[in-house]
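All remarks here apply to the structure that follows.
Note that the chains take the letters A, B, C and D in the order they are written out, and that residue 1 is the start of every chain.
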Amino acid sequence: MGYLISIATFACIWAVLALSLNILTGYAGQVSLGHAAFFGIGAYASAMLTVKAGWSFWPAFVAAILITGVVGGFLGLPSLRVRHDFLVLATMGINFVVIAIFKYVSFFGGALGIIGIKKPALFGWTLRGPWFLALAALYLVLTLWISAYLSRTWAGLALTALREDEDAAEAVGVSVPRFKIYAFAISAALAGGAGSLYAHFLGSVFPDHFAFVESIGIMSMVVFGGIGTLRGPVVGAFILKALPEYLRFVGDYRYAIYGGVLVLMMLFQPQGILGDNSWLWNKIRRRIND
Amino acid sequence: MRSQKLLVILLVLSLLVVLAGGCGQSKPKSYKIGLFSPTTGFAAADGTSALHGAELAVQYINDHGGINGVKVELVHYDDAAKPDQAVNVAHKLIEQDKVIAAVSGSYSGATRAASAVFQDAGVPMVAAYAVHPEITKTGDKIWRVGTLAVVEGKVGGALAVDKLGAKKIALLTIDNDFGTSLANAFKEYVTAKGAEIVFEEKYPLGEKEFRPILNRIKEANPDVVYASGYYNEAANIVRQAKEVGLNAQIIGQEGYDSPKFLELAGDAAEGVIITTDLNRDSDREITQWFIKTYKEKYNLDADMVGASTFDAVMVLAYAIEKGGTKADGIVKALGELKDFEKAATGPFYKFTPGREVMRPLGAQVVKGGAFHFFAEFDDPALITPPW
Amino acid sequence: MPEKTNRNTPLLDIRNLSRHFGGLKAVDGVSFQVNEGEIVGLIGPNGAGKTTLFNLISGFLKPTAGEIYFRGLPIHGKRPNAIARLGVGRTFQIVKPFGELSVRDNVLAGMGHNIYPSLQAFLHVYHTPTAIARANDILENVGLAAYADARADTLPIGLQRRLEIARALALSPILLLLDESAAGLTHQEAEDLAALIRDLRDRGITILLVEHNMRFAMNLCERIVVLNQGRILAEGTPEEIQTNPAVIEAYLGHSGVVRREA
Amino acid sequence: MSLWNILLDTLTQGSIYFLIAVGLTMVYGILKILHIAHAAVYTIGAGVGLAVFKLTGSFWLALIAAMLVSGLVGVIIYRGVYFYMLDQPRIVPLITSVGLFLLIEDLLQKPYLMGPYQHAFPAQEVFPSITLPWGTIPNAQVMILTLTGVALVALYLIFTRTRLGLAWQAAAQDREMAGSVGINLNRAIALNFLLGSALAGAAGVLVGVFYNSVYATMGDVPSYKAFVVIVLGGMGSVTGTLAASFLLAFAETVLLASVGYVLPRDAIAFLVLIFVLMFRPQGLLGR
């Protein structure tokens, strides 16, 4: 059971990451390949507040969300100047720089990382196994709810507008810079919470845990599942996070298959496995409508 | 709409459960030892060596009658050197494969994360070559057979100032836990002995281009360059040092200890001295068996990673034989271990209360394209782990 | 809805406005006014600086020199979204609908202009019955009611131009800037559009439009400003413009549009 | 550190960056795809080169074989994959490229291909060391510099003197327009991939020999590092890429030779990139 719980816990954390990236990329159209930086900032914030400053998990969790949100808004500044592929590369760069700072500044523990991060406790009772999974799932539900609610608010409409056309969005009164920063901040804040959970689940964080490859992985989940939808990133995260585990029977071919699945998916279902108008989603809808 | 989404999520989740759950089955009448190491991804070379080493240990044990007549079975999973996969795999080893004990053949991040799972589950784990100082502090079930970087750095210092008489030393350090720990211990030792650090720089893992740095080291004109790194960085360091005309003695450590270092560095490797626990010229039966069989079976020369993982399995087998299959017995047997001779990397004198191994450490010099004995360090003041 | 302006100040007052791109003087010392309730046309040959002028007024470009006052307030240097919220709606020559949104949501996007600057935007859901009703009204007005649920990018280009007007109307604008809304329309469609624009004016919206279609502009506008090479060539009623020798010269010199189309 | 050393290191490092990035920039120029799998093609080139070198002992045969196979792989990637997603949002080919990269790299790591270990590529002796009054150029650096020079001249001639080069330039300006004025677009793009990928293969061999090591994950760093170069070069401009390669190499070399690693090499490069983009969002040398 612990094995499945462990997989499910990681899947929940990555589903939050995918959903948060979806707000930035799916809603607001800002393609970022640096999302793991926000993940890492949240993890480090929470780890340092608990291990070095002696806070308990809960305030540290909230603080990690807030800190990452603020830093995320700040790191979103390049998006005001650069667009499209240039933004992709700028965000990628942010990922590298953030990791390098964790690694080279001894304040953040340097290459030795931060060790001894405790699992959260509730009334003196440590959350582990299924209880930690419950916490992660709860946070996933919260993220889902925020994502869903955001898409229905005026702010969500403004984000969609700027995704579709920045000039037209300005022409209807949307401050494009301001909403881009909002998107970065919200997206980062949610990812920061995921980082906090990750740090406390694992018990230790190292700079390399948040490397560029993780950013690519998160983006793959969003696109694989169906960008812009709610179901897509969640399902994408669960499948792609668990895929290497249940592909263990193919031994060392796990990543070859993972890569191959991505390629085939993009060739035949570029809108994602459950994106609007995808084969599977149409089937499911028809089934439900009947 | 809302319920549809939920339905889909539940569907996928249950699919995962069924698929993942169907993978593990247990086989009785053998002692299972778990191993996780990265056989895919950027760390696949070390992970593969680790797997080889563990396989050889199992072969050796079973060829010699198993543990009290019961065969040992190795259960290996790939963790891609990722901490989340290591945690998953640890659960899988404990719950589905029901291993008696486990060996980490992975890097520090993954090892540390997995060690918490083993500790919680009360399953003993031995880290083969992960160097992070905090790994064994996870708890009483977590042990290590690799030499602590703190110890190795100190021994490196002894090699530099006591054996080679260096006065001016340059430090070139790889920017991970291994390099950082080594450099700190090395510096402390040599400065206490009156040597001067004339140059100090760290470089990122995977770096290939050292010429700009090496040119600066050359200007600092040291007697000795203490350069940490793994075989690929090390090969480039020694090759490029030759190229820029840096003739100071280069001292490496177990990160260099791979036939691949010799292959990639070629002639430039000649004369390089490293500290390591694998002595190629040892006349100990187990070491020679390991080196010979490794070459026969995998058509590769053995490296330190393989040897350490071999030893981790060997020492666990010993502990199971002495203490039984319960965790407490294994832990007790490890704690009471004295002068363990069945390790390829030389005798283990004992485990410290901090569950680190105490053993003599050697220095090897590259001569004629191979590692050969240079010196041995047996002074307890040097080789005793600090915890 | 902002309160009425002083009768004496013009609604839009452009003073000595210039915009240079490197050596090119796209707009070069232009001054003119638009009064409340007018329909003013901005015409001129290709490259005369009409769209640049629009972009300056709506804030998409910053002037090199000169000032723009809207209801007596300086708006030069303000960001487009701020100018939009002051009550200046605009359309684009190359249409820019929010393609993946429905036609109705395009209009709703315009209706949010007052809430976007406040964090309230994160609290309130936009699909409220009142908002939808108002969006439907606007769509009814411009004749797009039948397409309310269609994806915007599936509309033919003529209807997309109407959608742009509808989206601008959602701002409850005081001044509406229309950039070649009649381009590519059939005669009948252009007539309908003209009727729509007059109707908007009758409801108190001042209109400044850029037109290439000379007949359309001459029939619709009460006053016309002719731009040529970034400068004002002439200003006056359609009749005055049609007989202005400088205008005829400029147009004959270029393509003779006046004679062929007017 | 002497000026000569800085110059030599800048030139070799810059040449390596250029060789890896130029194919990527060609592909980006014409298709606007962030072709991460280009780094896998580079690794394939190195692997094929080493295999042929071991078999025949000839560096030149190895180089030619590597270029042929890599070029072919590039064309297969285009015709087999990217070709079908040219009208999709750009994120689709990007993710596809990531998938291809993972797939190829993982397969290369299998024992029957390159295996997990590094391999020596001892072909440095093919070139002589050159001793000049102010210093010596070691043989491996002679190889990099001369062959990059040859590639440069060849590229210059192809781009300016052949119909194909002109077709590429037209297609880079406006793909649809180029198609409509009678350029056989599919052929032009396929040939673009062929040449760009062949150059990546050559880069794989040269870097393999230069550092005397070839291994399955050698594309990891180039997979992202090359993007820094092409962005600084203005995305799609070959001359810009050339300038950016040497500029980046110069910046890195000078920094390492004076201050050292304030941050890892890659982080420095990306910091430069972000900094440049803030002031010139279209790249250092973009229009």
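Note that contacts are C-beta pairs under 8 Å (C-beta built on N, C-alpha and C of every residue); 3 or more make two chains touch, one makes a residue touch a chain.
In this text, all values refer to a predicted model and were calculated from it rather than measured experimentally.
The chains that touch both chain B and chain C are A. Note on connectivity: the fewest steps through touching chains from chain A to chain D is 1.
Comparing chain pairs A-B and B-D, the larger number of C-beta contacts belongs to A-B.
Central chain assignment: A. Criterion: smallest distance from chain C-alpha mean to the mean of all protein C-alpha atoms.
Comparing the centres of all chains, each the average of its CA atoms, the largest separation from chain A belongs to C. Per-chain CA centroids place chain A at a distance of 33 Å from chain B. Separation between the centroids of chain B and chain D, computed from CA atoms only, is 35 Å. Here the CA centre of chain A is 42 Å from the CA centre of chain C.
Our note on geometry: chain C versus chain D, Cα centroid distance of 49 Å, whole angstroms. Among all residues of chain B, those that touch two or more other chains are 39-41, 175. Each of residues 106, 109, 261, 264, 266 in chain D touches at least two other chains. In chain A, the residues that touch at least two other chains are 103-104, 252, 254-255. An unclassified topology is adopted by the chain contact network, corresponding to no line, ring, star or complete arrangement. Every pair of chains meeting the touch criterion is listed here: A-B, A-C, A-D, B-D.
By the touch criterion given at the top, residues 4-5, 8-9, 12-13, 16-17, 19-21, 23, 39-41, 77-78, 80, 83-85, 87-88, 91-92, 94-96, 108-109, 112-113, 116-117, 120-121, 132-134, 137, 175-177, 179-181 of chain B touch chain A in their complex. Residues 1-2, 5-6, 9, 13, 106, 109, 116-120, 122, 138, 211-213, 215-217, 220-221, 253, 256-257, 260-261, 264-266 of chain D are the ones that touch chain B when the two sit in their complex. Chain A makes touch with chain D in their complex at residues 25, 31, 78, 81-86, 88-90, 92-94, 96-97, 99-101, 103-104, 212, 216, 219-220, 223-224, 227, 252-256, 258-263, 265-267, 270. On chain C, the positions that touch chain A within their shared complex are 58-60, 79-82, 84-85, 89-90, 92, 96-101, 105, 108-110, 112-117, 120-127, 167-168, 170-171.
By the touch criterion stated above, chain A contacts chain C in their complex at residues 149-150, 152-158, 160-161, 164-165, 167-176, 178-179.
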